[in-house]
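Can you read through this structure? Questions will come right after.
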Amino acid sequence: MTQPLLSVQNLSTYFHTETGVARSVDGVSFDIGEAETLGIVGESGCGKSVTALSILRLIQAPGRIEPGSRIEFEGKDLVTLGDSAMREIRGNRISMIFQEPMSALNPVFTVGDQVAEVGRVHGTGSRRDAWNHAVEMLALTGIPSPEERAKQYPHQLSGGMRQRVLIAMALMMKPALIIADEPTTALDVTIQAQILDLLTDLQKKLGTSILMITHDLGVIAETASRVLVMYGGEVVEEADVRVLFANAHHPYTEGLMNAMPQITHERERLNVIPGTVPPPTAWPSGCRFRDRCPYAWEKCEKEHPPLYQIGERHNSRCHLAVEPERRAHPHLPLVEQVGATL
Amino acid sequence: MNSDTPIVIPRGWTARSRLIRDRSTILASCLLLAMAIPCFLAPLISPYDPAAQPDIVGLQSVAPSFAHPFGTDPFSRDVLSRVIYGGRLSLTVAIIATIVSVTLGTAYGAAAGYSNGIAGAILQRILDALLSIPRLLLLIAIFAAWRDAPLFYFILVLGFTGWYGLARLVRGQVLALKGRDFVQSARALGASRARIFFRHVLPNVWSPVIVAATLGIGHVIVLEAGLSYLGIGVRQPTASWGNIIQDGSDQMATHWWISFFPGMAIVLTVMAFNVLGDSLLKALEPRRSVME
Amino acid sequence: MAAFLARRIAQGLAVVMLVATTVFFLIHAAPGDPFSASMENPGITEGVRAAWRHTYGLDQPIGEQYVHYVASVARGDLGFSFSLQRPVADALGSALPNTLLLMTVALAAGFFIGIVVAIAQVRRRGKPADHILGAISIFLFSVPDFWLAMLILVAFAYWLPLFPIGGSVDPVMHDMMGSGARALDRVRHIILPGLTLALLYFPLIARHQRAALLDAITADYITTGRAKGVSEAHLVNRHALRNALLPIVTILGVAFPALLTGAVFVENVFSWPGMGRLIVNAIGSRDYPLLTAAVLLGSMFVIVGSIGADVLYRALDPRLRDEL
Amino acid sequence: MEPLLSVKNLRKSFPITKGVFGRKVGEVRAVHDVSFDIARGETLSLVGESGCGKTTTGRAILRLIEPTSGEVHFEGKDVLAMGAGEMRALRREMQIIFQDPVSSLNPRMTVGTAIREGLTIHKIAEGADADARVRQLLDEVGLRAEYATRYPHEFSGGQRQRIGIARALAVEPKFIVCDEPVSALDVSVQAQVINLLRDLQRERGLTYLFIAHDLSVVKHMSDRVAVMYLGKIVELANAEDLYRDPTMPYTQALLSAVPIADPTVEKKRILLEGDVPSPAAPPPGCVFNPRCHHPAKDAACTVLNPPLEEKAPSHFAACIKQPPTAISWDEQVKAGGTKPPESYFPVVEQLTRQAADSNPGALA
């Protein structure tokens, strides 16, 4: 196998707060290859956004990337890189697209100015060049009459247009990797379709790798080639996208897929994952999913499951990998009855 | 084990515990007690009668000593005793005036925010007008004319001119609350306007009111001192922090202690109130933490 | 824009008339009048007092006095000062430039110090420097204006005689100086009162600015900036400051009355020949026309300040610029 | 049978004002001529993108926002004609569940007091009787009875949403407006709340107006679905029919845009151009015409106001280019029409069917 573009090894990001240490990301490892789209999926609090921010070292105090973490990118370890060298990478080799296009843009500067700023920071050309380049990028993302739009302020654009501006900003320096953190969550479904279409289109054109972070299994299925499922600050399952959707192994992945109503299926009743995500300051011992898991047994309480390999490029952090027969005997009904488990 | 398993929000994040953990709050509270307790126990701990002029010649403006830790004033009165008694008065004036203005401000602001249509608009216009009167100049004009008004009226006027800012704040809060879903939810349940107001709106405006009251007391102490310094506040021979400073103002260069100690008393007390108000604000509304 | 200004000015004028009415009645309802105070002079008989009252129209029914007063104010005539024996407008007119000069110096210095302190605090947030600057701010915020002025005067004019003890120019020598020396003389005189006022004033600016900056640097667009590779210094100085200056502009409206209050005391302590001194001197003689006019003028200051703040805010915030 | 709720030509516009005297310079047409009936025990969903007027419709029916004009009848009674007292009494029958579980509970009120409030207002129960009811309600929505003494901030989003449901249920309503009740929740918690709402409906015979933007959730929840666009209902049909044969071009695009959690499905998507126009300046004629992809779209669409008409049994859509239509060809020509109506059901329809056939669901 060739050298991956980005290799994250044993990444841990903890927040040292007054109420305790929040282990938001706890020993996460993955690789992203050239021109690949890796999806990270999970619910709020699973650590997916903190993972994304950690790669660019955008974690603010009291958060900290713990010693022992490695983020290898183009032959450098981003964890130990100096500040100015890190700034050289941000927006240049790795760029990021955020969830809320309105708040991610500075309200008092024109959008053209903000896109051009990337060029001014990393480029060698004049201000004029940066501006012209910014207008080109706005045009590339399908913004009509980009010269005029560039002179407008964020509040004068619609939500979809603003997200295009953020994409233009991310593409300015033709980065090797784009991290998209819930890029369509704040958008309406028809606009989401436009933006996802644009992203996949641009990726084909430019050959950029994408790290797509989302809570929406639909978005993952449509964009990613490989998927990580995160729960409790850990990767609980990873596989190629088709394998994952056809053959989910981890009870959390399985539960998530069956909890989601789908436009293509008739489902009499949605499966329910009981309870809520525990706070990151107090993950349960052993398997972090055990008190919501329909299969959990003693071993799950005592032994923190490793990431078992269960197939080709398919891993799952669940003891069922070694005791598969237990799957036949869930102690919770897979479709919950209200009041039954009080 | 169902959806109700863990309580997600740590209890440690509540306003009370935030306040208790804050070191400056503790310091300010201690300072305040240290200032206020002697003042309110004035007759018990004051070394001399604050109005006594034992020896107008021999004891005139004597520097601090064991007998007179803060020195004496031009009338041979003991400055420490006057600062203690003056503090009792200054604090009382400030507290009563603040109670008056907080009551008025809350009532007016709530009414202005809760009324709809024309009534609300009129109340708002009146408030705008009141907000553009410079309080000190108005007070100077009033007290210059009503120079012999008793202390009680002095306090009332201070209260009556001090509520506009709070009224604006409360009005803003009430307007914001009116749009909140829980108020809509109460309406949808069939709650009457009065019930919505007293059960859902009012209980949620207390935090800015408490903060404003704390900061307001400090402000009134300074204001009272200023007016007394100008000779139109608390009148001689009654001591207040402001008029003690005035007693020494002509001889500041030579007999600094007369004005210095009451001034320090004001600074420490007011600072304690300001720090306390600020911590309250931080604890109650972590997003807004600026004194107004 | 013009319509907006016209509306605000019309509202302002209405407010000033309302204030005039309130103050008029509050003052005239008081027992006694300016001339009942001069009891101690036996040469002034009840007859003389009556004649004075007649001269100033104080013997007329209060309703008539009010109508007369409102009509005069509408004409721009603020009345005749009893104590100064000159028209109020004249007296205020000669004092106002001095006050404005002092306020401008204090405003500029106060804003400058306030913003610099706030930036310093935010750059070192949570560190000792932040706490120390914060403590100094809250200390100066709690100090009575006149007391601080007295301390500074005593310290830097008496004990350490670096600066003159008061006035706006040297009373004896000023007229004999050349133009360069005159300018220097004026600067020497304005430093202490200007500095005092600025010290009293900057905590208000610093505290608001610090909060606004803290808001701004935790905003999402700052994270975007970091992700773009923009340096921290550039983020604070360009992205955050530009946003944080907006709320500060609105403080101008609140700040004007604060500055005016400070000016009243500081002018007195430093014998600065401005409005504040005029007002305080009018207290003893119960000079109604002057006192009322001072309140009116003060209201106008506040109104102009808030209109100015509004206009500036709209000019600086692109989100509101379209609405002008 | 008489419908439980009947809405006719409901309109709500918000004035845009300017100047000292609040001169009206325009209006935002939030809801424009919306009509529908809801039968007892039924769930009708209002679905559409942000700003389409679905939330305003829900609140106008309950008169939390006063409608500009139109009629609302509940069990035959004219809701909009009621006085304040009558209206308060009626509120016992009609309730609402809100989207934002943080903002919809009073932070200074314990959970118990909040749930009890309806009992007190309508004098349903007091004292120990009320306590017992609160405990029972908590139990019914899957929360522990002890939680009655706690404050809302101590609960997670999903738990708070359950509290909101208990609060609405306390007065034993017949009809509930569910205003995006699961939009703010994570997938796993969303499923809990959806199941709860469905169970309660079955047990108590409730009628829902379910407002949402998530088409998958709507499909799962509803008997019938109304699609809104720019303040109007553009399509109204049984859920199954609507998802199988979306008729209005907007609905077609909307359905095709939903990402499908199945990487094996080959997607053919109708990408709409641009954004939704401002409701302050809706386009003339059919509100969707500037973005429409119907092959027969022509000048008539920019002139004629398409009525919501029955295209198939119980399947209503507002499009003069989808036959059958009561707007005759003559009329269309007169309005500048050049292309006659033609049946147009692009890829979407096959797409949803194929997917349903090829993948019957991983667990199901």
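Letters A, B, C and D mark the chains in the order given here, with residues in each chain numbered from 1 onward.
The criterion applied here is as follows: a residue touches a chain if its C-beta (ideal position, glycine included) is under 8 Å from a C-beta of that chain, and two chains touch if they have at least 3 such contacts.
Quick caveat: nothing in here was measured; it's all calculated off a predicted structure.
> If you take the mean of the Cα atoms for each chain, which one ends up farthest from subunit A?
Centroid comparison gives C as the farthest chain from subunit A.
> When the contacting C-beta pairs are counted for A-C and for B-C, which pair yields the higher total?
Contact tally favours B-C.
> Let me have the rounded angstrom distance from the C-alpha centre of subunit C over to the C-alpha centre of subunit D, please.
So the centroids are 56 Å from each other.
> Using mean CA coordinates as chain centres, what's the subunit A-subunit B distance in Å?
Here the centre of subunit B sits 51 Å away from the centre of subunit A.
> Between subunit B and subunit C, what is the gap in Å from one C-alpha centre to the other?
22
> Send over the residues of subunit B in touch with two or more other chains.
2-3, 6, 8
> If I count partner chains per residue in subunit D, which residues reach a count of at least 2?
Residues 142, 144, 156, 158-159, 189, 192 of subunit D touch two or more partner chains.
> Which of the residues in subunit B come into contact with subunit C in the complex?
So the residues of subunit B touching subunit C come out as 128-129, 131-138, 140-148, 218, 222, 225-226, 229-232, 242, 245, 249, 252-253, 256, 259-260, 263, 266-267, 270-271, 273-275, 278, 288-292.
> Which of the residues in subunit C come into contact with subunit B in the complex?
11-12, 14-15, 18-19, 22-23, 26-28, 30-32, 138-139, 141-147, 150-151, 153-154, 158-159, 207-208, 211, 254, 257, 260-261, 264-265, 279-280, 282-284, 286, 288, 291-292, 294-295, 298-299, 301-303, 306
> In their shared complex, at which residues does subunit A touch subunit C?
Its residues touching subunit C are 53, 56, 58, 87-92, 95-96, 98, 100, 103-109, 117-118, 121-122, 153, 155-156, 166, 169.
> Taking the complex as given, what residues does subunit D use to touch subunit A?
Touching subunit A from subunit D are residues 49-50, 139-140, 142, 144, 156, 158-159, 186-192, 194-196, 198-199, 213, 215-217, 219-221, 243, 253-265, 267, 269, 271-272, 275-276, 352, 355-356, 359-364.
> Under the stated contact criterion, what part of subunit C meets subunit A in this complex?
219-221, 223-231, 239, 242-243, 246, 316-319, 322
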